[in-house]
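Each structure below is given as structure tokens.
Presented sequentially are two complexes of chain A, the first with chain B as partner and the second with chain C.
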Partner chain A sequence: MSLELRNVTKRVGADTYIYETNLVLADGSLNVLLGPTLAGKTTLMQLMAGLEKPTTGEVWFRGKNVTGVPVQKRNVSMVYQQFINYPNFSVRENIAAPLRVARMNEAEIDRRVMQAAEILRLTPMLDRRPSQLSGGQQQRTAIARAIVKDSDIILFDEPLANLDYKLREELRDELPKLFAQRNCIVVYATTEPAEALLFGGNTATLHEGRITQFCPTARGYRRPKDIVSARVFSDPPINTHAAVKVNGELTLVDGPQWSLGDGARDVPDGNYTIAIRPHHVTMKPVAANSATIEGRVLITELSGSESVIHFKVGNETWVSQSHGIHPVEVGAQARLHVDTDQILYYGPSEELVG
Partner chain B sequence: MKKTFDNKAWFLVLPVFLMVLFNSLIPLMTVVNYSVQETFGNNEFFWSGTRWFEQVLHDRQFHESLMRQIIFTGLVLLIQIPLGLAIALCMPRKGPWVSVCLVLIALPLLVPWNVVGSMWNIMALPDIGLLGKAINGLGISFNYTRQPLAAWFTVVLMDVWHWTSLVVLLCYAGLVSIPDAYYQAAQVDGASRWSVFRYIQLPKLKHVLTIAILLRFMDSFMIYTEVIVLTGGGPGSTTKFLSIDLVQKALGGFDLGPAAAFSIVYFLIILFLSWLFYTLMMRGEAK
Partner chain C sequence: MRWRYVFLFIYILFLMLPIYWLLNMSFKTTNEILGGFSAFPREFTLASYRTIFTDPTWYNTYINSITYVLINTVISVMVALPAAYAFSRYNFIGDKHLFFWLLSNRMAPPAVFVLPFVNLYSAVGLFDTPWAVALAHTLFNVPLAVWILEGFMSGVPKELDETAYVDGYSFPSFFVKIFIPTIAAGIGVAAFFCFMFSWVEMLLAKNLTSVAAKPIVAAMTKTASTSGYELGLLAAAGVLTLIPGAFVIYFVRNYIAKGFALGRV
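Right, the complex of A and B next:
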């Protein structure tokens, strides 16, 4: 009982938007599609919804082949990055629109609209037009329209991208609660790893038309199965460096030599590309097995609660993210502390070794 | 801190001011001058008050040409706006045909007005014109120099040919600016083609259509060149619109006073109708 993509590809002319993809989304699950712009998130959603037909492969839903069944005949709703509402309908009529198309009776429409408006805190604005609402309220209206009919699949295509910071935080907190109450498949596309982590569920990391990893969000974050997935699932960008491991010693190319602790016991000796997240590279030693790395500071960004420092080690640019404010001069030599237990080791074909 | 005042900025506005002065204010004031005075040449003027205005407003000829003008403009709007919108809806949004369509559609707009008049004049000739000959060939008697109905048909057809393109281009620009997501959202909701037009495209085109109607209203209300070349206001005075009437008064009769009053009334009618229309269309817009 689920939505399945079986060997689905999508090509338009000479361009391949989606390479062969297999994906199973369970009923009642929350699934995040995480990837940079142009990774294929929107195309994948359009294939799931039936807005686009796959070039090859099949889409199955609850045991039925629905490939080529148009979106009107599937029970799907969708929320977009732009705030899409009917411009000359009131908020009430906007929310009611999908129910009217389904020819539901008036009392039931009214009940459902009130309920959806209540959940999204739109009750006082029901008689206004979209043009009289703030961006956040417009997007709430669009979300209310998506949840008002009991869809089997609800697709969110970067719904918070066009909102300002404050409104985004607000909706970000509410959406997971909203998802938890429904027994449908929720698919949520975003470019931000933080949103995926906040929502939990499963995350599929996308890169250039391919799903690189699909698993429970926390696992995908902790153990990205290849370097591409690790890069997609890291903001600020994850640090990578070529290194050689011999007898519990790790030597970075054009970089320092570290004695590793017990964390890397199971990793065999050899050549690796190591990856480590910026928040495990800090101004002060915070971990039991800590090693130091030095580099020339390129950029520093200070926010109220943390400092982000970009620095150069050999040919690689590293990023460090520390709590508190640590002013450093651009161009100066900085000495940072790496939590060696958190290093991810990727083998020659970029697969995770340990 | 002491503020320093520098009035040199006024000199920067001076060129624009002079231009407006010479091409708008002074000519307009001349017309106002003529409209309230009587002159017999020699630069001698006598105050005549509102006499010319009264004369114009009570003039039967003026009433008739105003009536013809309103019917003509109404017809032209009724045909061009829906037709332009329909053509714009049919045009492709993407692909190699877009530029081909746009160039074809824009062609009539590039033809000078008097050339349009001569083209249709020749085309509608009952003996050698393509259109005139064809209509007569169908067994319908058609002669725009003799039959008022045929003259009106030709004039309206000519204007539709010449100006529908403008409506098409405006509507097309409006349609292209609607994000794809709107159409997808409507598709997801299960909306029909008609609903998409009625509840998405039409509301989104409201401003563009307002501009299109205003432009077409003002332009068609001032039509002169094409009609004077095609029919010269005939047969009789059946296609004598306001501007033709005005020119005949001013140049033909050299009645400068009444012609000036006529001009002002003409101008005020256009101004008032445009204002009325715009206010009605924009009523209920977000403050």
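Right, the complex of A and C next:
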């Protein structure tokens, strides 16, 4: 019992937005679509909602083929990145709109609107127009409208992207709680790996119109099955480097030679592209099996709690992310520590080996 | 600093002078107008206005003008709404060319169309009716309304349409209950421009009518009549012709600049 995309593609003119995709989203599941801008997240959601028809393939919902069924008959909700509300309706009528269209009785509408407004803390603003609300309140109104009817599928298309930092944090914490007791399929699109990790559930990583990996979020983060997925699921960008492994020794092309600990015991000798996340490359050694790497510093970004340093090793640009403030001169030679147990090994066709 | 106001004053004086002179004339007798120069009426009279409001051959011309202007505005906006929606929301073959072609209709001189319209409307029995003028004016007003409305509609994200469909609205009920109220200002501006164009246009209005549907612009500009020169009367008619425009512009005053930019600001 679920939403299924079967061999779905979407082409518009000469452009392919979605390459052949198969995806099964279980009832009551929380799913994240993670990918950069133009990866196809919005198109995929429009296909799931029924706003767009797939060029080829079928969409099935709870055992029925719903490919040609218009969105009005699908019982879905959607929240967009822009704050979309009906400008000529009050907040109350905005939230009530889907229920009114469904001709629900007045008392029930009232009860549900009050409940949704309560959850999203909109009760004092019910009689205002959307234009009289702050951005965060406008988006909460849109979310209230999405949860007020018992939708089978709720789609969130980067709902927090246009909000400022503080409101984003706030809503980010609230959202997962909203769906906790519902039996609907929630799909949440975002460009930020941190958001995906916060939501948990399952994550599909998207890259240029293809789903590169779909699995429980934590697993997708820990063991991306190919380099593309690893890149999508890393911010700052994951470090990659060509390397050769021989007898517990790893030699990076134009780079250092490391002796590996027990962590890579199962990885056979050979040529690999290694990948390692920036927070495993630090200014101070933090791990048991740690090796050093040197490079010329290109950029340093210091925030209150961490330092991000971009440096050059051979032809590759590496990024290191360390706790605390570590002032480093641009152009200087830096020496950083790599946790060798955290290295991901990708074979010649970019598949995960170990 | 002082000079700025001086120039502004001179400029406004320059703009207002013809309007003042019209007003001045409308309160004079024709003899005084013809008698010589006077900056204000020596024998103040409302006789001209009285004639216009009591003589059916005068006030009927206002009714005729208002009739075809309203018919034209309603038709133009009703026709332009779906067209503008299509241009703003869909891609179709030749859409950009068609859209530009619409505006190029406005570049044709109305005089070109007088002959075919007169001949055509005489043939179908529309000559000398308000409908003749109203339909002729749509040739210029529909493209204008489409351009203005398209600009306003494109300012509304298409996600609003999608949200409405997701919430269960059918296209017609979304269009009427949500979309039209959302672009109400644009509809007001488009209607205003149609109204003004139709109200001030003289050539087609004059030539497509004779007696029964004679518009005010035709009555106002005939300099001589059977009773000789009636300049005071004509001036009073002119003053009354200014009023509807001033009245209508009040309602769209905040959006008018956007309208002149065809909704694209």
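Assume the second predicted complex is superposed on the first by the 354 of 354 C-alpha atoms of A that agree within 3 Å, B and C clash if a C-alpha of one lies under 4 Å from a C-alpha of the other, contacts with A are read in each partner's own complex, and residues count from 1 in each chain.
Operating definition for what follows: a contact is a pair of C-beta atoms (placed from the backbone, for glycine too) under 8 Å apart; a residue touches a chain by one contact, two chains touch by 3 or more.
Just so it is clear, the model here is predicted, and its values are computed rather than measured.
Applying the stated clash criterion after superposition on chain A shows that chain B and chain C collide. When the two structures are aligned on the shared chain, A:R129 is found in touch with chain B, with no touch to chain C. In the superposition on chain A, contact of A:I274 is made with neither chain B nor chain C.
When the two complexes are overlaid on their common chain A, residue A:A97 makes contact with chain B and with chain C alike. Of the two partner chains placed by superposition, A:I154 touches none, neither chain B nor chain C.
Contacts of A:L344 after superposition on the shared chain: neither chain B nor chain C is touched. When the two structures are aligned on the shared chain, A:L23 is found in touch with neither chain B nor chain C.
Note: residues 46, 49, 51, 70-72, 76-78, 80, 82, 84, 86-89, 97-98, 101-102, 142, 145 of chain A belong to the chain B contact set and to the chain C contact set alike, using the contact criterion stated above.
Across the interface of their complex, chain C is touched by residues 46, 49, 51, 70-72, 76-78, 80, 82, 84, 86-89, 97-98, 101-102, 142, 145 of chain A.
Note for the complex: chain C touches chain A at residues 157, 159-160, 162-170, 173, 178, 181-182, 184.
Within the complex formed with chain A, the chain B residues making contact are 179, 181-182, 184-185, 187-191, 195, 199-200, 203-204, 286. Those residues of chain A that touch chain B in the complex are listed here as 46, 49, 51, 70-72, 76-78, 80-82, 84, 86-89, 97-98, 101-102, 129, 131-132, 142, 145.
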